[in-house]
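Heads up, the next two complexes both have chain A, just with different partners, chain B and then chain C.
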Partner chain A sequence: MEEIVHLGIPFLTPDQWDVITPAYKDFELIRSEGPRFGDMFKCKLKSTKEVVAMKILTIPEDQKSNGIPYSILNHVSILKTLNHPNILKLHTVLRTDLDVEDVFLVFEYIDVSLKKFLATPFPIDVIKLGKPFLRQALSGLAYLHVQKIIHRNLKPNNILLSFQNHEISKLKLTDFGVAKSIEPPLSPYSINMGNPCYKAPELLLGFTNYSTAVDIWSMGCIFAEMIKLQPLFIGNDGPKILTEIFCLLGTPTEENWPGVASLCSFIQAFDPPIKPKDLAAEFPKLEPDGLDLLSRMLCLCPNSRISAVEALEHPYLRP
Partner chain B sequence: VIYMTNKPKEIVDIDAGDANNELAAVEYLEDIYKFYKIVENENRPHDYMNSQPEINAKMRAILIDWLVDLHTKFQLSPKEALYLTINIVDRFLAVKLVPRRELQLVGISAMLMASKYEEIWPPEVNDFVTLSDYAYTHEQIRIMEKTILGKLEWTLTVPTPFAFLVRFIKAASASVSSVSGVPSVV
Partner chain C sequence: MAGFLLGGVSNRGAHSGWYFSRKEIEENSPSRADGINLKKETYLRRSYCTFLKQLGKELKVPQVTIATAIILCHRFFLRQSHAKNDRRIIATVCMFLAGKVEETPRQLKDVILVSYKIIYKKDPSAVQRIKQKEVYEQQKELILLAETLVLATLDFDLNVHLPYKPLVEAIKKFKVGQNELAQAAWNF
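Now for the complex of A and B:
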């Protein structure tokens, strides 16, 4: 079985084959995301030859007795409400009978993730692509945020791109596995999801009352990564990443983030406090307007961080 | 003759006090409710009683009373799960004919889903089996859950009256704690 996976064919149980093969054929593994959310693979609709991406959400053995788990209810319910050119479209949820507990999601198919794109030596000018990239990514984000949905797991793997004549023809945000719909009255949210490298400082500091600003931070990190061609902050755990953040942007103060120093002992450990670096020197290739927008997206205080709607109005992104 | 003053009453910004409280997500609250007003109309179930040969309004009322009891017994709090349960029941009954003997089953599976959706420690299928006095089996409840999800096309992210109630209570300058005292009027 192991060898089949290496050949690029998704690993499917006989039950899963039985559900999928009547309507689909020509399977190819696109990306593997570990045991929690299952693999994503490419397949062809038999009737129209249309290529689609399929994702199987498997229910863990120990949760099966309680029906469909919350994570899947939340995931699919959020996907169902989304319809925007910059968000990967969910075509259908395949219906299955009780023998097969898994949930099969059929999405539109897009060629390449930003992560793959950044990893290949591409002849495309990343600086030139920065504006159209950010414009599309932020319009997807603005759409989510107006609908009070926080993505919570933005990273280069979750941004899909397709190119035409060296321009981005499509950009789609994907993977809403840990997305959260903000519903009043608001309650504390979990802080234990997402890749630490793209996590906003309020999450890393343990604030449970965060909001849509966490996605803007992640997008700022991703934008910076496109320019630098390497992740902006690198590390395996929260404290390491926080230290990297403070080394670049300075330790937060009572002036730029009211209340933070008194709430977090972690910050008090930085004595004397670190001064912010000059972003222009860190990103010599980026024009002044771009630097200004980047600094507003990477604003330490979530309440002062630019929103997606405001960012779309920023001079850097005006056509 | 009723004299109306032309001078509009001053509209109090009920979110002003929360400007620095990130939890209140003030920046988006107005957008959230604008969005809710639109979506509320899209997802509102139509009056389905005439299309259900075996079910009438009285039976629905008995079912809802029982669900309120069940909600109290499970000590589910606050009330989101109850409002979402009833929303699911009504939207399902609006699109699917349900025999009388399965009406309670629809209620159980709806509450199973809603409590998983809203609660951190939701009750389990076995709790529902016991509290419904073994009227339905474990398997029946899970099959009905899947049937409902299929019919509702997995749409659970809907504004229930509860979301609006919270807002109106805030506008009425009542204390937040009074939200938990909201009577189960549905």
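Now for the complex of A and C:
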């Protein structure tokens, strides 16, 4: 699911062009995440000249016989409920007639994803940006979690930024394609979505009753990545990432993650258990308050992990 | 094959679009503007609720899905008129959508067959008729078209917060009435 950046005119079918050209112009592809996730491109609203971002959700051929699939209904109806300065705003939903079967989402446009930002050698002090970044990102996350929504796919690709005078002027969380609203009755949740590098240990270990804490973990990984300028945990699959996690934070014990360490054969395989590393040595640039917050966001046990609301009250983020 | 604009209303944020005063519902509904009086609309409303309960029962969906379908249908007719929309087609679509959002999906084919049977329950030949390819295809096209209309009308806002779970929790917490009350709540 790597972001493929290739600027140019998006490739659309004549039917798709028919839908959007009456009201929009100046199309430019921003990113392509493959057919399942849809292309994102930038364009201009003819009437107001406002620049917007558009995403096309195509209904898979094999699902057309059942109308609009659940995944798209879920995606759009979650977006509809969200209204917060740190969440990318959905302006409009366009839909074609029955023969075309695409749903077009029109969003506000924000310049750059965190992923792109981290990849370019900007003359900006990432350490200085850490606090405003986390404050805004966690505000968006706290709002989501109060609405009982789990994002489930936070990664640098899905955090959009715009800058003014070398400071973050806007930060928006985006891509609610696999978000989940926690509504009773709680059925087992899928654990297969999202990039493994940012996945919480409870997901990687296969627990299906996870909660909002998985987003905090991802945000902790992202924050660490901003400081290190490379992903905190690197690997293609769950076991590899779990091993990386344990190498940094130690294997879970009965004390810090009750009930799990003794039950999980994957954890028991680490014999003798790994001792956690000193985070201060791993992140020499980060001040003590920042280290403390990072360690609470990267707490192995989801029940002890700090919540977004608590994190916003942490000394590191207090103005 | 020009596309048409759906849900062209801008996002108004959480839960804002669905609160109406009694006066708005009783005196200014879209149906009223088409000459359907309050008594008639109340009848139509009750009629699609009964229809949905039966449809849900025959499709074997949980109570929650039926309740969601009823709310979606109520929402639809707060913005659209009974004079221009067949309530049973709209109700069928609401059940189909509710099945999807409550993660209790039913195949479109089953929804169409069962709904057709209930709509024409006084006509014994209906059961055979819907099994003909042309009749089925026509009904399917109608339902899929209506799905687009319902989504456009509801502006894709399918978020329904049902009171069942919190109520049952509250009953447990306050230890009142216990079973009878919980039972009454579920069947409401």
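In this section, the second predicted complex is superposed on the first by the 311 of 319 C-alpha atoms of A that agree within 3 Å, B and C clash if a C-alpha of one lies under 4 Å from a C-alpha of the other, contacts with A are read in each partner's own complex, and residues count from 1 in each chain.
By definition in this document, a contact is a pair of C-beta atoms (placed from the backbone, for glycine too) under 8 Å apart; a residue touches a chain by one contact, two chains touch by 3 or more.
This is a predicted model, so every value here is computed, not measured.
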Fit or clash - chain C, chain B, common chain A: clash
First, second, both or neither for A:N83, with chain B first and chain C second: second
Partner chain in contact with A:C247 - chain B first, chain C second, else both or neither: neither
Touching partner for A:D15 - first (chain B), second (chain C), both, neither: second
Touched partner set for A:Y70, first chain B, second chain C, both or neither: both
Touched partner set for A:L118, first chain B, second chain C, both or neither: neither
Which superposed partner A:L45 touches (first chain B, second chain C, both, neither): neither
Partner chain in contact with A:S181 - chain B first, chain C second, else both or neither: both
Which of chain B and chain C A:H91 touches, first, second, both or neither: second
On chain A, positions contacted by chain B and by chain C: 65-70, 73-74, 76-81, 93, 95, 98, 147, 181, 183-185
Chain C-facing residues of chain A, complex: 15, 18-20, 22-23, 65-70, 73-74, 76-83, 89-100, 147, 181, 183-185, 187
Contacting residues of chain A [partner chain B, same complex]: 65-70, 73-74, 76-81, 93, 95, 98, 145-148, 181-186, 188, 202, 207, 209-213, 258, 302-303, 307
Parts of chain C lying in touch with chain A, wherever the complex brings them together: 1-8, 10-11, 13-15, 64, 96-97, 100-101, 103, 105, 107-108, 141, 143-145, 147-148, 151-152, 155-159, 161, 165
Residues of chain B touching chain A in the complex: 20-25, 27-29, 31-32, 35, 78, 80, 112-113, 116-117, 122, 124-126, 138-139, 141-143, 145-146, 149-150, 153-157, 163, 166-167, 176, 179
